[in-house]
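Once you scroll down, you'll see the structures, which are given as structure tokens.
Look for chain A in each of the two complexes below; its partner is chain B in the first and chain C in the second.
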Partner chain A sequence: MSLLVDIAILVIVAIIFAYTLRHYRFYWDRAFAKQEDGSESFAGAYLPSVSIVCPMKNEERVASRLLDCLVRMDYPKDNGRYEVIAIDDNSTDSTSEIVDRYATQYTFIKAVHRSNSKILSKPAALNAGLTFAHKEIVLFFDADYMPPRDCVKRLVAPFADPLVAGVMGRVVPVNAPDTILTRILDLERTGGYQVDQQARHRLGLIPQFGGTVGGFRRTFLASQNGFDAYHLAEDTDMTYKAYLSGRKICYVNTAECYEEVVSQPRPRGVQVRRWGIGHNLCMFDHAFKTIGSRFLPFWRKFDGTMLLGVYFMPFIQMAGWILGIYSYLFQPPFYRDLLIALFLTLSYNVVGNLALFTEVGASCCMDRRNRSIWLLPLMLPITLYYVLIGTRAFIDSLILHLTVRKRERRKAEEAHEKHPGGETK
Partner chain B sequence: MIEYLILLEVFLFMFLLAFMPGYFEHRKPKDPGPLHIDPERLIDPRLDAIRLRATVERLKKEEGWVPVPSTEAPKWLEGKTVHEKALNENKAQIKVFRVEGDAAVPAGTEIGSALIVLGDLTSGEECTFSQWISVEGKCQIGRANKLTAASSVGDLTIGAASHVSGFVDSKSNLQIREGCFVGGNVGSDQKISVEGTCDIRALSSRTINVISQSRS
Partner chain C sequence: MRAYVVIQVEAKRISLERGSWNLKLERVHLILGTVITVVVFLLLIASVQQYWIYQANLVSDILRFAKVPHSLFLLGPSRGTEFLNAVPPVFVITKMVLPRNVIFALIGITLVTILVVAGLPRLSPPVKIVIGFILTPAIVNLIYEILHPGQPWPLDVDWLTSGIVIMPLILIVFNAAIFPVQGPLVVKVTGLAGCLLFSFVWSTLRLSLALSSLFYWGTFTFMFLEYLPCAFVDFIYMLFFYSMVMHRLAISQQRAE
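Our next item is the complex of A and B:
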């Protein structure tokens, strides 16, 4: 038992150390490497036809704001090169009327109404929109987003490279000053995009499509039969499908777009739990495929696997704490190991704990918002909150994977055996 | 026991101390956040040229220009009033020459400095400009020149078979002769004429005139 606990602790320390190094590598690249991006020079010069899909469910407060932004978008609207597909997704408020009003007023806006739908999910709404999207590139914007006029030109530029399947822009919380939580979420987003995504893009690793302010080549989406309507993290799922089919995703740091973030802890907890479950299901689906992929070079496999494990880490941390307490209370003290343990603990406190905060602090400096670094220590309670929620999300996703999904897979296999040529759902 | 309590209090004090800056920033925010995004922001294909002109205007107003003695000036600048200044660009320091009046660069000359010409500029064949050039008057680049980037207020002509790695921009008419390569955007406030077969990344002007047969 004692040996098992020791081994488990060592494995956990090794995993956490690997993530620490990863954060520092990203920070180092972003802070000191030359940030050249060939695709950005195509912005404004490469103008393929584009469909913009906007799912809206009870969004009467923000629907017209987004549609106004898309109407004013600086993109050639002649010859049907630009279209907006506004989806009223089973709304019970006046979203439906707003969408219809814009569709009547502007020829390039199409109104799609979903009502009494069997599957009430965002990916299902996106798939409904995709059936009406006929342009080369399909971009997605959520209703609470406010893209600036150059956003679409910047987002479509990387598609000049035929290997690019998808693109992702930078998200900035517009309501950052509202509450202490929104301010901390602003810091999270700043670090996540300005350093993390940008470094992953520049290092040729796996930048992630985040579900909005981004999009895909339509032919790629068609090849995947659209999004998985039942998936809670359809964006991550599609990112990995792109890489596993030999294509790539580009992150465009200059394609910035305002969004509204949740301002209260409880809805934030629900959001993180949902993302956690979805992301972990992606891990179960894609981890082994990523490791064994013939398209991905070693470092992309390595980073891809670590990215899949991001929502597994809270569980690992929690397990580490529990095993550490157990070890302290019930295991005999080994004084010969004390110095090593002390060295490791001090090293981790000085270097390891700071990895994430270094990343966020550096990104604040890059955005010339040095004062916001004062808020950094307040990220600690939020991080602890995420560890609790993330642990629960991992257990939920594991149960979901081993029960419901296993049953579904078995049914699908049986159906496939009965009708080998037919499609299974 | 009392030692442990003191230790605990010290620990709690140190722990809470870490949160104090955050508390003060939350109570009286000084961070201008969120990050400013101009909703009216547009992509201008001539942005590089606009930036260069802004840099040149700023440099012209700045102090610190040192007159170059005629003995130290390159031969082609003999008899001209020339000043020089160091400029930090892309984490490197480059030298900028400012020439009062017109300048003529003889064939085969290699110029390692950036150049601001306050009059007209003409260059002979096979000249190399390793840094950008900015001309207030007309700019006539000779045959088979190598340039980094060129901007002019007056008419600008790029000689045949020249190679420009960056942009070419003029506030007046702009002419690109046959067999040129331009790696950046070609922009003009008035008219762009392109002769024969050229390799150009992008053109940006109200009027673009492409002449398939070279007049020469």
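Our next item is the complex of A and C:
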């Protein structure tokens, strides 16, 4: 038993160490390697037709702000090259009227109303919007976002490359000064986009489509029959579908879009748990496909698999703590017998944890936000909070995968056997 | 609110080109940092015995000040390694052994506290988690006290590793994350020296505190103080030093522009 525990601890430390090295690689590349202009240099020269889909559910507070931003967008609106599809998704407030008002006022805005829908999910709303989107490129913006005037121009530029299936822009919080949490989330976003996404893009790995401030080629979305309406992480799911079909996603660091982040820990916890469950379900769906893909080179497979495991890591970390406590209680002096493990554990606690903070520190430095660097230690309680939520999300997703989804798949297979070629969903 | 948002948006738009900026790599500083890392690392390996003896003497002085009766073992290098793997250089026997009933009562009180804290609607989740993070080692160490009464094993390990293991890690972090960043060398070297000095002072104080608590309050308190602040506190002070130095470097970069 004790040997098994020792091996398990070493495996956990090794996995965590692999993630540490990955983060340092990203930090080093983003901070010190020359950042190529890429598609950003011809932003504004390549102007395909664009549909912008905006799902809104009870968003009366922010709906008109987003639509105003899209009206002011610096993109040619002649010859039907630009359209906005504002979706009132079963709203019970005045969102519906706001959407209608804008649709009446501007010819390029279409109002889509969903009511009494069977499936109440964001991807279902997006799919409803997609049926009305007929342009070459489809971009998505959530209602609480504020795209600046040049955002669409910058976002569509990478589509000049026919291999690009999707794009993702940078999300920047505007309400950072509101609370301590918003300040910390601002730091998280800064590190996540300025360093993590940009490095993955530059290194030819797997930058991720984040569900908003980005989009896809309409033909690609059509080939995938739109988003999976039941998925909690339809964005990650679509990212992997793109890569597994031999296409790629581009991250555009200069296509900034501003958002209001949640200001209280509880809703943030709910948000992270939902993302965690969805992301883990993607891991169950795509991990083996990613490893066995014939389109992906070795490092893209490696990074893709690690990216899928991001929300599995809190569970690993929690497992490490529990095993550590077990060893401490039942097999002292465990640490003395395993000084290498002790060194690795300490290294993880110090160097490993610092990898993430290094990314944030470097990104603050690049963004010239000198005072924000002082807030780094405040990220620690939130990191502990995420470990707890992430562990719960992993257990939830595992149960969901083994029970509900298994049952659904079996039903679908039975239906397919009865009616081959028919609708199985 | 709206006006504020517009101002924020406009302010951020002005510096949009930051999207393709990067930090200038200070190759010379990186090489210097690597040399410093290697030299300090070799010095540490060469003087590990002297380090422990010096630290044990310091701890002994502090214990004498705190009126803690103790034995100080300072053996020569020939037997040093063998000795250090067996018992710590300063040996203290506790004068307080908690009765089992008290331990069970303490476990009960801690569990009730955790449940009360978890149920308090006004406390935000991260605060609850930090409280839980402090109370969990308390329960773990109370259980340890039942399972292994009077055996403070981790002291050996802490004495072996305190200061010594963390120092190479500090060197690695500074070399990888601070030295390559553009900025005055003096800030980087001062930051590194400050962090190393702090780690030495902190590990000495921690050992003294742990040994005093072992004598006065028994194994449980000692284990609690040892277990909780070990690597966790090492990480926190490194993070503080990192953010402090990065802040200075960022300011100097901006001034240079």
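In the analysis below, the second predicted complex is superposed on the first by the 412 of 425 C-alpha atoms of A that agree within 3 Å, B and C clash if a C-alpha of one lies under 4 Å from a C-alpha of the other, contacts with A are read in each partner's own complex, and residues count from 1 in each chain.
Simple rule for what comes next: a contact is a pair of C-beta atoms (placed from the backbone, for glycine too) under 8 Å apart; a residue touches a chain by one contact, two chains touch by 3 or more.
Computed from a prediction, not measured in an experiment: that's the story for all the values here.
Superposition note: with chain A as the common reference, chain B and chain C are in steric clash. Of the two partner chains, chain B is the only one that A:D74 touches; chain C does not reach it. Of the two partner chains placed by the overlay, chain B and chain C both lie in contact with A:Y258. In the superposed pair of complexes, A:D186 makes contact with chain B only, with no contact to chain C.
Considering which of chain B and chain C touches more of chain A, the answer is C. Legend: residue contacts after superposition of the two complexes on their common chain; A:G361 is shown touching chain C, with no touch to chain B. In the superposed model, A:P148 lies in contact with both chain B and chain C.
In the superposition on chain A, contact of A:A45 is made with chain B only, not with chain C. Using the contact criterion defined above for the overlaid structures, shared-chain residue A:N225 touches neither chain B nor chain C, since it reaches no partner. In the superposition on chain A, A:W374 makes contact with both chain B and chain C.
When the two structures are aligned on the shared chain, A:V174 is found in touch with chain B and with chain C. Common to the chain B and chain C contact sets on chain A are residues 146, 148, 172, 174-175, 256, 258, 367, 369, 371, 374-377.
Note for the complex: chain C touches chain A at residues 2, 5, 8-9, 12-13, 15-25, 85, 124-127, 129-130, 133, 140, 143-144, 147-148, 151, 153-154, 156-157, 160-161, 165-166, 169-170, 172-173, 176-177, 180-181, 227, 231-232, 234-236, 238-240, 242-244, 246-247, 249-251, 253-254.
Those residues of chain B that touch chain A in the complex are listed here as 18-19, 21-22, 24-26, 29-35, 37-45, 185, 201-202.
Contacts from chain A toward chain C in the complex involve residues 24, 27-28, 30-35, 37, 40, 65, 146, 148, 170, 172, 174-175, 194, 198, 253-254, 256, 258, 264-266, 269, 325, 328-330, 332-333, 335-336, 339, 342-343, 345-347, 349-351, 353-354, 357-358, 361-362, 364-371, 373-377, 380-382, 384-385, 388. Taken in their complex, chain A has these residues touching chain B: 43-45, 69, 74, 146, 148-150, 153-154, 172-177, 180, 183, 186, 190, 256-258, 367, 369, 371-372, 374-378.
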